[in-house]
């Protein structure tokens, strides 16, 4: 899993039907508390907002955090770091 | 998921039968709005064209965005960023 | 699999229900006995603590090391290196 | 998926039984038409040869391109670029 | 798949029960015949030893090379390069 800080929302009107209602966030990866300059896009599953530090699960396991486990995503925000 | 900009079509006449009809696009990855000089090839599922900024799902989850979920691909364009 | 050294606990109160009770650890990757400056977050499954050198399984295989194999994680500590 | 150029065959006499008959190729990754100095080994499924530019599918999806989808591989050549 | 050279055994007494009997090897990745300074840990399935050049399958496909396909690993040595 990765730790990261949410830096932006991403809006996509034309997308896969199965992604309707998904909230896409751009996240900068944190390693050892430092920003890394590496980014990915994840779907939020815990009500996280811009500026919050979060945990992200990647790969096929990410889908297990969503109500629809057939959602075509490879990254989901699964927790907010205290 | 990754954000990227489509830079080219890739044409492959000799390919796996299950890939017939797939539209292959070369995409440059964007991070934090910047081009990264990193590229991958993805199958389009949303009618995206060269120059458009898109969302890409990678890994086995990518196949869930295609009509034939047994397509041997690891990257699919699943949305166009507004 | 990766070899790493546990450097910290990560606390997340607001998280996916299926992650309740999971112990998150930040791990620095070791290669050839050297610290690499690369980090990831893994769930512990063997009672490992800070400062211990461990083996980490990543990807969907990681879940096979947990009691609940539907846990949405992509990295699990599966052994402690002697 | 990745675009690459086949640079060599790899011969392995002692291997997993399920890999008997597999043709292993070392491939240099191409990005934006340029060689990258990054390499991987893939099983050929389309009759590609040294010097040809190919498309490679990685991860568990790669196996869907093979007759035996239980082949323990994570990279398969699925097309030849025109 | 990756080509690599086995550089060491890794001993882990306290580990997941499902990993009992697994032989862990640290492998340096080779690209185009050159050492890369990148390393991973893989389970041996073909009787390989230190100093041998091997093929490694990563990800969930790796498990298909083992007798117990539920082994929580993401990297298995599947062949010895001639």
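In this document, chain identifiers A, B, C, D and E correspond to the written order of the chains, with residue numbering beginning at 1 in each.
We adopt the following convention: a residue touches a chain if its C-beta (ideal position, glycine included) is under 8 Å from a C-beta of that chain, and two chains touch if they have at least 3 such contacts.
Just so you know, these numbers come straight off a predicted model, no measurement behind them.
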For subunit A and subunit E, chains touching each: C
Co-neighbours of subunit D and subunit A - touch as defined: B
Centroid spacing, where centroids are CA-atom means, of subunit C and subunit D in whole angstrom: 31
Centre-to-centre distance between subunit E and subunit C (centres being mean Cα positions), rounded to whole Å: 19
Sites on subunit A at which at least two other chains make contact: 59-60, 62-63
Neighbour-by-neighbour ring order, given that subunit A leads and subunit B comes next: A, B, D, E, C
Subunit E-touching residues of subunit D, taken from the complex the two chains share: 7, 10-16, 18-19, 24, 26, 28, 37-43, 59-60, 62-63, 70-75
Subunit E-facing residues of subunit C, complex: 1-3, 31-32, 45-47, 55, 57-65, 76, 78-82
